[in-house]
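First comes the structure, then the notes that go with it.
As written, the chains take the letters A, B, C, D and E, and residue 1 is the first residue of each chain.
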Amino acid sequence: MVLPVIIFLPLVGAAAIALIAPSRSTALKPVAVATSAATGALTLWLMAAFDKHDGDFQFTQLTEWVGSAGISWHVGVDGISLFLVVLTGLLFPIAIVACDPPHDAKAYYIWMLVLETGCLGVFLALDLVLFFLFFEVVLIPMYFLIGSWGHENRKYAATKFFLFTMLGSALMLVGMLVLALLTARETGNAVTFNLLELANSAGELPTITARWIFLSFALAFAVKVPMFPVHTWLPDAHTEAPTAGSVILAGVLLKLGTYGLVRFGLYLFPEASRYFAPLLFTLGVIGILYGAVVATMQRDLKRLVAYSSVAHLGFIVLGIFSINTEGIEGGLLQMVNHGLSTGALFLLVGFIYERRHTRQISEMIGLQKAAPVLAAVFTVVMLSSVGLPGLNGFVGEFLILAGAFVAHRWWAVVAAAGVILAALYLLWAYQRVFHGTPDDANRSMPDLNWQEKLVMAPLVGLIVFLGVYPKPVIERMEPAVNALIEHMEEVEGFESPTVDDRPEGSFEELRTLKADYGDEGEGH
Amino acid sequence: MSTLVDLVWLIPAFPLAGVLILMALGRRLGEPRAGWLATAMMGGSFLATLLVFIGLVGHDGDERETVLTLFEWVPAGKLAVDIGFLADPLSITMALFVTGVGALIHLYSIGYMHGDEGFSRFFIYLNLFAFSMLMLVLGDNLLLTFLGWEGVGACSYLLISFWFTDEANASAGKKAFVTNRVGDWGFLVAMFLAFLTFGSLQYGEIFYDVESHGMAASTASAIVVLLLVGAAGKSAQFPLHIWLPDAMAGPTPVSALIHAATMVTAGVYLLTRMSPIIAEAHGWVPDLIMWVGLGTALMAATIAVAQNDIKKVLAYSTVSQLGFMFVAVGTGAYVAAIFHMVTHAFFKALLFLGAGSVIHGMDGDQDIRRYGGLARLLPITSMTFVAGWLAIAGVPPFSGFWSKDEILAYAYGENRLLWVLLLATAILTAFYMTRLVLMTFFGPPRWTDQEVGTEADEEAESASESVPEQALPYRHPHESPWTMTAPLVVLAGLAIVAGVFNLPFTSDVHFLGNWLKPSLFGNAGHLPFGGGTQWVLAIVAIVGSLGGVSAGAAVYIRRRIDPARIEHPFLARAWRIDELVTNFMGGPGRRAFERTTQFDEQVVDGAVNATGTLIRRAGTKLRVSQSGLVRSYALGIALGAVALLVWFITRAGL
Amino acid sequence: METAVFIVCAAIVLAGALGVVLARNPVHAALSLVGTLFGMAVLFLNLDAHFLAAVQIIVYAGAIVVLFLFVIMLLGVDRLEDLSVEPITGQRVLAAIVGLGTFGLAVAFLLSSDIGLSGTGPVPLTLDITDEYSNLRQIADVLFTDYVYAFEATAALLTISVVGAVVMSRRMARGDDAQEASGDD
Amino acid sequence: MFPVFAQADIPDIQWLPLVPHLVMAGAAVVLLTIVSLAGSRLPGWFASAWTVAAGLGVLATAIPVWIRVEQWGPHSVIAGSIGVDGFSVFIIVLLACTVVLTSLVADGFLQREGLDGPAFYVLLMLSATGGITMASANNLIVLFLGLEILSLAVYVLVAMHLRRAESQEAGIKYFVLGAFASAFLLYGIALVYGATGSLNLAGIEGILQNNDLSDNGLLLAGMAMLLVGFGFKVAAVPFHAWTPDVYQGAPSPVVSYMAAGVKAAGFAALLRVFFAGFGGMAEDWQPVMFGLAIASLAVGSMLAIVQTDVKRILAYSSISHAGFILVGVQAATHDGVASVLFYLAAYAAMAIGSFAVVTVVSGPGDEGTGIDNLRGLATRRPLLAVAFTVLLLSQAGIPFTAGFWAKFEVISAAVDARSFWLAVIAMLAAVVAAFLYLRIVVAMFLDAPDPDAPRLRIPRGPALAIAIVVLFTLAFGIYPEPLLNLADDAWLNLRLVAH
Amino acid sequence: MVTASWYLILAAGLFTIGAVGLLVRRNPLIMFMCVELMLNAVNLTFITFGRELNDIGGQVSVFFVLVVAAAEVVVGLAIVVAINRRRPQATADDLSALRG
């Protein structure tokens, strides 16, 4: 099977790197790049081989692992996880190529690859405990990446990140156990953590219990997302992390949370997710506005981008919990988009940092004069992040808001105001950094070199492509999302909030219609 | 179906190709070839439009909407949006003058942007704008229109802050984008509501649905009002007009193309396009549009009276003219609105380009108080400018007269008060345009030059009171190159004759009206009175505009009244609205943002760190119990034992 | 008769115990401990545990207390402990609470319930105390049959104490004096 | 009549189950004899090697016992005073491994500290014998003797580093409190004896099944007193106070034995008594375990994060681990005991490894146990740092380490017993505790080493021990199934101890 | 007639005195003595129960307790001796270097 290969190939690479002799340290990066690139290629192959009409899990592999505890090695991919896997496979090589560690290259690449394995495992696991293992183990490489290669305040940031996220997942573990054991008790079957079996028996549990369990899951994911008010680890982690760390953190790690909300929140707890949807909706909307407002006031460019993530992830949560095809698909699409655009933003900020050795907005001015190409790329990425139609950001945002509007009108109306603020903080930041006449410190800043251009090219390309032609992504998601919603509807017996079917029409029919009326109103 | 119409995709394809080519090798092409390429693309686009137009004309009157779908754009769940073009009279009319005027302005820019280091970048933006604008116009669904809508916004942002090294331009661009976003919010929500109501965003399906099943007036009203918010943002209607004057920071061709001829009219286009929904809305909704338009028109006109920056004057007049179009839409005179849009596109573009030529000649000085007597030195510019002046002033037979007169007529039919105010606005328009023309081209020069030094000096004494600075600036005005003057001439011609597109005399010569009929689905209003009244109204209008002109002459040539008494500071400062907004954003608004940020740092994050320190504190406190004294440890054990005994005695039920 | 013996011995036992707790001089404490042990031995006799009464005297009074005294002499721990002050604040109050608590609760438990659940069903007692054999022999029987494992285990116990004593009393070869010197002040 | 009586009670002794006990005790005595006879002619490593051999011997002999248990099912020997069941075998194996690893850790340490001589190993093995006795005791007096054997030896071991005042201080503290606590324990035994008239756990269980003693004061008071004794041994709050001081003062290898072996034996005895004996009265003692668990978790974690001495940190963390194990005990179910056994095994590995690292790092005089001594260990001794990190993460319960599965099992037992809040509290405590492990990791990886730090010597013994435990931790972290099943079987039999 | 309760209460009292003594005395030796008191109390309890239950097990237990007591004292005194070699006249409170 291909999935285990995808998951463990980076680990193999890490092992290989561990074995490289210190004398041959030049070989480190090539190996790392090669492994991650190979993994990326495999994920692309996966996307190609993926049957886009099948809403079910594909490439599944199921073998017993810890039988006594009902835990199995169960992996598989469906439209919901497919593109997150691809995104992971794409961002890691880019991040690895883009930035070289200042010291301890060996450990750095090992941790990066371990991290990749962890992320892929999370997206592909179909067993709760397996998922949890990967979900939790991701912390360690990230902890070391931030802690060892981060900036001034890295220890604080790393520890905060670790404890904050661990707190969330700690309760989730209890939740999982309660779920599995009580379900087994209700159904009389043996204890199992198999996602599919648990999902089939979802609704067996007493409503209140299910809601509590859902909360324990939601907390863990909310921390990871991060949602207001448990978001404050993010700015610190992002600011202190090395560039590659920020890219992965924003591009992939945050998605673990939103992905979990879909895969486990909605799938396992239809009733509870509907019951708590207003709560999460509200938090999402708060996150959108709040994150934007706070971002506007940041003096540190990286911090600003970090808070913009809070806002964007708020949108995603909004989409997920509108529990209709448009919203969820928008959310999933936005996960990918956010990974691309925010990842790109962090790369660019990193490039600037390497040149200027500062992240303080106040210390930069008129960079567009010094580095036009950098500025141009930044503009495109920024506009995508602002949600300009024609770039990827917009499609997701629109679907989310449309779905949200159908589900909970007024929330969506307020959330839509987030697009104004997004324009405000990003354009203002851009103006302060790139516009104006550069002073001596900034005038001599070199423009992007070929390697950096090479790194940015695929990102920008995808940003444009997904903005113009998102269909390949959406059509692969749709069956899975519909399956999910049908599952929820049959378990919970509720109607997914959606627009009622209207008659197909066109100008021709309109004309015939008016012909019947005999064009009244055209009198005189 | 005629194949010509299916060429509609070519119309945006040309500018897009231009963008891509220029992005690829714009640097290598360099000046002026990059400019020529861009212009050629616009020309090609214009020709394509003509072909489509011809194709449409070939169709039978009622079958003039054809939809060309390229590919599915966002097929998600119930929402299915395509990249598809709607070629119908309305869109093609728009496309015609967008591409036409656009091509001229591209040509003009080659001369205007001469020697600018960002030459090719400028034309990339310009082509990109044209592309977006055409998507806006030709999109067959709201979402695609929105794509163009936002695209033109982005381009205007890029072009306003084109000379980014100057902070003022940068913030003007940002202001324009953000203000537009406020409007876009309305557009977005309107789309959601439409999607919820019709399950689709395609014009065809929406209109069919409305026609076949009708719709709740409340929903329709909501949609229209939200669209109005969007339109007000894009078309600079009160209170979202504040961005347009600042937008003059951009290069003048930009002001001409984007902020006069094309983009700002998008709001009017949108409302016209959605006429079937407006027809379903409550009665007060059109009135709202109408009064917003009137208010804006009147206000902007009064402001324009007191401006001294030549481009600011034109900017406010643009706002005012857009107000006219909104009034037209509000009164159901969609045809008049489009008609005025077209004529306005011609003469306002002309005026702006002329102004640009003047500025070009005056080495970038834009203050009309330092102009004067330029007619002799800039013959072509001044002649064409005069044509534009008469057109906007509403002097027959210039184009402006016809369109404005039609709007006035409908206003009269709608509401007398409306008519009076609108007429006053028209008069004001004539007045301030006269002021502009006189101060720029006629009267004594208020600048010095080697050749005309002496006379300039003494005449300067007489005029000096209107000049704040005593020392007269040194200038040597010169006519612009042909690339700049040629478009002026063409536009002037159009500005003069454009009236023939839609003559009021008989319904046969009402060309534009008949042409647009299919796109309006019989929602166009009708004059409740006959030709006689129309003649009367026309005469009144003519008298009014001539009065305005002569009043201007009276003030600014014969100096019957001190101009300072008219140019009241309150008007000069644009009714202080801009200041109010700025003060709010800089004051309470900013403070609120800062408060929130502090809240995040101190309360939200503070709580997190507090938990940590709290646990630490507890630990430190507990340490005391670890005294190192074996006897206190023993005591702990003994107390524990007692505690256990107590528990178990409760279990024993004693 | 038994009552009288009990009362007297109880008095001795408690007096001795209090003596241990209250005597300022360790030697006195040790001697009053002897008193307690004797009283205890008599009580054992009272309870027909003749063998243990003897062992009590031999092992406790004969060995343990003597050991105590030896150590006291060896170390010359004759400094009187000042009981009027208690360095640890609240120690005595809490100790008093503990005392009352333990005693009170213990008594409560003891009186609340009857021993060996007489009346609540048969108790599988395998080791009845019979009058046919001497107390010594009965203990011996049990000791070398049912409790033989425990009996052997005591060997390990004693070995440990021997080894432990040796280890602890060993003088460190090198650098020990310096250590002591530093330790003294 | 007399002969009849004589032969009546001669118990038939089945030797096989006793072999492990005898091997362990015998090895100690023989070692003592050999050394005292051969004196200094023996190589330095002899005693250590001997002990390792003895431990392995016990492991070897434990296997047939296990097989026998599998065949015959659980039973008791010597007139029911020794229980032979999976549970006891599990603990015996665990203790044997502890002895082996501890003697490996001690190798080199003793020479470094000039404590050479067989005493350490003799006492170690005798103490282990006591532990074995506790684990398999089916009679309260036997259990008490085992506990005393275990403790007395450890008292000496703790105090034996005569050059360190801390060592003796720790010794006297441990001794006084230990004696105090075991007096309570003994009183408890007496009361239980009074209530039930039997000292045999199986007998007691039988009696409790046949009669309703649910409100018998003697029995309940006895249980209270017993809990005091066991609580002391396993270092559960409020009977924990000795732990940090003793761990800090005692020689590091001894601490690794205490944390791994003594704790295991203590819990073994606790489970024996309260499951085999008072299983019927679970609802009486469950709440107490609940309270002890929470107190231990809270106090342990919160005090640990404010420490600066690694040994103290680990001591407090061992308290919070005790709390975790009590969570499993509290469940009072089949899974509960299994999870406890698994946890004990996993924790033994982590503890021995951690203290082995401390032993190596602390340097001459066993003084350098401050957290600063670990600064930059990653650059000074990368492998050691990584190994220690693995062990610490395992203690923190990070996935793919044995520690995770330990927590997983315990929590699932608690959840299965429907004590959800206890599970939640335990996990929260785990997060707090994670902070202190991170502190150590930070010191090792993110802090720069002080330049004048002496080069670390890593003797073969400790290195081997650390390698073994790290492998154990990772192996069972990735595939815990075998150990889980073992623990599972171990419990299954316990409940059926024959009378 | 003396009932078992009397003995048991006496034992309880003795146990308590021992416990309290250990808490209030600072001299390690006397603390050991207090432990001995507690053990004696337990012995008394055992024997009383033994008689009441007509079971020899109580007495046997006492026998073992005696052995344990002896062994304990030996080890304890050995430790005290070792400490006193380093710090003569040390009381329990003096030994509080390890704390916190």
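The rule is simple: a contact is a pair of C-beta atoms (placed from the backbone, for glycine too) under 8 Å apart; a residue touches a chain by one contact, two chains touch by 3 or more.
Everything numeric here is computed off the predicted structure, so don't read it as measured data.
Shared contacts of subunit B and subunit D, meaning chains that touch the two of them, come down to A, C, E. Following the contact convention of this document, B is the list of chains adjacent to both subunit A and subunit D. Centroid analysis (C-alpha atoms only) places C farthest from subunit A. Centrality annotation: A (chain centre taken as mean Cα position, compared with the mean over all protein Cα atoms). Each chain's centre was taken as the mean of its CA atoms, and the one lying most distant from subunit E is B.
Each chain gets a centre from the mean of its Cα atoms; for subunit C and subunit E, those two points are 4 Å apart. Between subunit A and subunit C, the centres computed from C-alpha atoms are 70 Å apart. The geometric centre of subunit B is 97 Å away from that of subunit E, both derived from CA atoms. Between subunit B and subunit C, the centres computed from C-alpha atoms are 101 Å apart. Residue positions of subunit D with contacts to 2 or more other chains are 141, 145, 148, 152, 155-156, 159, 162, 165, 172-173, 176, 180, 191, 194, 197-198, 215-217, 220-221, 244-245. Among the residues of subunit C, those in touch with two or more other chains are 88, 91, 94-95, 98, 102, 105-106, 108-113, 115-116, 123, 125, 142, 147, 150, 154, 157, 160-161, 164, 167-168, 179, 183.
The multi-chain contact residues of subunit E, meaning those touching 2 or more other chains, are 8, 15, 18-19, 22-24, 26, 32, 48-49, 52-53, 55, 57, 60, 64, 68, 71-72, 75, 78-80, 82, 86-87, 92-93, 95-100.
The list of touching chain pairs reads A-B, A-D, B-C, B-D, B-E, C-D, C-E, D-E.
Subunit A contributes residues 160, 164, 228-229, 231-233, 290, 293-294, 296-298, 324-326, 329-330, 366, 368-369, 379, 383, 388-390, 394-395, 398-399, 401-403, 405-406, 409, 412-413, 416-417, 419-420, 423-424, 427-428, 431, 434-437, 468-471, 474-475, 478, 481, 498-507, 509-511, 513-515, 519-524 to its touches with subunit B in the complex. On the side of subunit B, the complex with subunit D involves touching residues 615-616, 618-620, 622-623, 625-626, 628, 630, 632-634, 636-641, 643-645, 647-649, 651-654. The touching residues of subunit D, counted against subunit B in their complex, run 172-173, 176-177, 180-181, 184, 214-217, 220-221, 223-225, 227-228, 231-232, 238-239, 241-242, 244-245, 284, 287-288, 299, 302-306, 432.
Contacts from subunit C toward subunit D in the complex involve residues 105-106, 108-113, 115-117, 120-121, 123-125, 141-142, 145-150, 153-154, 156-157, 159-161, 163-164, 166-168, 170, 172-176, 179, 183.
The residues of subunit B lying in touch with subunit A in their complex are 62-63, 65-67, 71-79, 83, 88, 143, 146-147, 149-151, 154, 157-158, 161, 164-167, 170-171, 173-174, 177-178, 181-182, 184-185, 188-189, 191-193, 195-196, 198-200, 202-205, 207-209, 211-213, 517, 521-523, 526, 592-594, 596-597, 600, 604-605, 607-608.
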